[in-house]
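Following: one structure in structure tokens, then a few remarks.
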């Protein structure tokens, strides 16, 4: 049914994540975090102007004039309201003062544990991933962690990560196809994006799930704002390559 | 013989301490440290222009345009060359990178241990002193500590401090009347300022000392520079009250 | 945005027995006006900390506001002598002076800022101060001796006086920062007094210096000359005459008169 | 004062097997020109560290200069994909990747900066990273569990690219500092490349930002565009075309040509 939709997978992911920030006190995003960039930007525009936006360059509450491809770009510092270094943002997390943090995993298992480190054969590294950046600290100490992942397949969503880069306070997992919530010790399907079906999701998920309703679709207001701010479709960049 | 001298006790103390900085890499001075202020200033003017001057306001190598009474005054930041906070100066000391530090004690004993804390009767505090400020860290970790004290009597220079605020790498002790050097575990008389005599010093010192030569007197060049920089005689302030 | 309060409202945020890290050092950029407000409001049982203090801690002793002082040094400098009310309060047992080396105050604040229960530090030599602190084994060492540690101290408030803040508390300190930024990070919340409240755009012109983020600030009060009788460079120097005047106060009546006259 | 050197002289200060903390983050204000000089001089066995890196560490892998990388993240961002030479070097066992959480890099540098053998940190959850580090008992606790610690790492050099330095190395970073200042304090000595060497008077105009003191700086080299192909804000942005060009290098010949062409 995807031909009928007037929005992309990136759009519904961004909008879904933005709505999760309606009551957030602050939100942190890291490197290579394009979709969180748009989600935080949209949430501040539409739902939660007092949301404190924290990022790697360490400028609080930037007002980017356009969407950069790099999420440590100077646009993340543009017209910020104060300077808090990355080390100090990690300290905030360590003190339990980070409310929402966006993290991602190349592999994410049924417990919400994730791997950004590597795949090994037990003795040597077969595939080296980028590394978890600040994930281990952030995931264990922030109040609510939102994982996002633009790929939804069994390689990503598996029974158990061989290598755990980070784990902890996972709150939601927003994928290209669904939203999971962390409920007790495991991930539970919360909603399915309207372009796909429960059967397809079962097919692409490496752990057991139960049926769930569709994810609420983006509104015209949300889509209009995103398109106006991002005419070059930088928000699609995580779906490329 | 003091009528014949063309310099004050403050002058000979300043000059003596300045000369100790001829080969110093850096020198730190703290609060209420007027004589060290002049000593570092004079050493940089005359003997060691590359000496790195470190102070509480955290401006490296200030060029004060006059001598303030407070040694945390903005003149200590005037025309500095870089900003290093007090915490970072302490860190330098902790890493063993502070070369010379000026400290003082209200009581100083024969080992060079000193008390800036209090006098107690064993259970309660009878006389509260200001506290040792950074002394405990600085004295234990800097390479060479120069103690100075404008009073030379048996209350100050005693057999053993009841309360030890700080101890460690004491190098010299410059008093109103003499210079001690730390030689092995104890202070030894190194020189006697020309206004007094060995007999008087013995009388005013609470631990055994051996005879020593006179301290070299200030030169006209040294005195001229000091008087020009400090026409208001701020360098006498530690001798007042 | 509702953070701009009167001095009285800001003072009312502080509860009896709260722990305050107070900014500035000796007579430099201290929260002088806020200190007098604490005295006027008759706070009791406060615990205060700073590396090196004089006027503010001495006044809080005189006014009976503090139970405990953690500091490395509490005294005026040469021209004014020791801090008389601090001395008397400690000697008479009304105030506990938890003497620190200045660095152990910093270490305690760093531990709080980093969310850890203690901070390892270099040794403090043979000293009665060293005996206040505990050691731990270096887990990465070869049994080469223990490491001295300082326990975290979490201030309820960092009370800071700055040159410039916007109405949300995004603020800039010009000149020496002393321990203010460590305090701002260690404390649960910040109370700011500022020489001037400026538009955010003026903060943004010096954004690299805007190291106090509004989101931690609970109150912002504009008080020109708010460091009085201390200095706030480059705006004004400390006032020796006013420090002398303060030092003449001998009783509660004179204190009340002083607090009335010097408001803020 | 003799600290102003050519890029070649500054590169020669670094010995094989030295440990380098390299400034900037990803493609922001990295010491790009100095990294290429290390490659041209054929350094071997270097140990490098930073929270999050791509071009500089990837190039050092390609050129065979590094043995060990301590970092939280080594990758380009979305448009360029992973760091290919880093990946290959690690997968082929030529480079040891000591994966950290970014915060543990910071903690290791803080410990070095403070002159202590380790830094306590908050917990890292259930993670293979947590298992790399040892715990100690909290000496001030009530047996309420152990505290995770990170051992100090002392870099021989902090290699930083800045917008402005005087000839003594008194230097200013404008905009995000990333971990540069922690590196400057943790390292034994600093090597600076700077967009511009300016008179001291120009440093003094922004003295509150002059957080790199000349006395720790061993070499200052003026290299306009020295962060290339990275950004140095506000002077210039990173060059996507040049990063793409770098990523086409497949062999030693192409690398030599690239290093020749891009000098500095």
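A, B, C and D label the chains in the order they appear, each numbered from 1.
Simple rule for what comes next: a residue touches a chain if its C-beta (ideal position, glycine included) is under 8 Å from a C-beta of that chain, and two chains touch if they have at least 3 such contacts.
Only a predicted model underlies this, so the values are computations on that prediction, with no experimental measurement involved.
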item	value
Pair with more cross-chain C-beta pairs in contact, given A-C and B-C	B-C
Far-end chain from chain A, centres as C-alpha averages	B
Centre distance in Å when chain B and chain D are each reduced to the mean of their C-alpha atoms	40
Intercentroid distance (Cα basis), chain D paired with chain A, Å	28
Chain C, residues touching no fewer than two other chains	114-116, 121-122, 175, 208-209
Two or more partner chains touched - positions in chain A	59, 77, 94-95, 141
Category of the chain touch graph - line, ring, star, complete, other	other
Contact pairs between chains, per stated definition	A-C, A-D, B-C, B-D, C-D
Residue numbers on chain B that touch chain D, as the complex places them	26, 52, 59-60, 77, 79-84, 88, 91, 94-96, 141
Residue ranges of chain A in contact with chain D within the complex	31-32, 34, 56-59, 69-74, 77, 85-87, 90, 93-95, 113, 117-118, 124-137, 139-141, 163-168, 237-238, 240-241
Interfacial residue positions of chain C with respect to chain B in the complex	25-28, 51-52, 71-75, 77-79, 81-83, 86-87, 90-91, 93, 97, 99-104, 106, 110, 121-130, 175-179, 182, 231, 233-234, 237-238, 240
Residues of chain C touching chain A in the complex	113-116, 166, 168, 170-171, 185, 200, 203-204, 207-215
Sites on chain C touched by chain D in the complex	111, 114-122, 134-141, 147, 149, 151, 174-175, 208-209
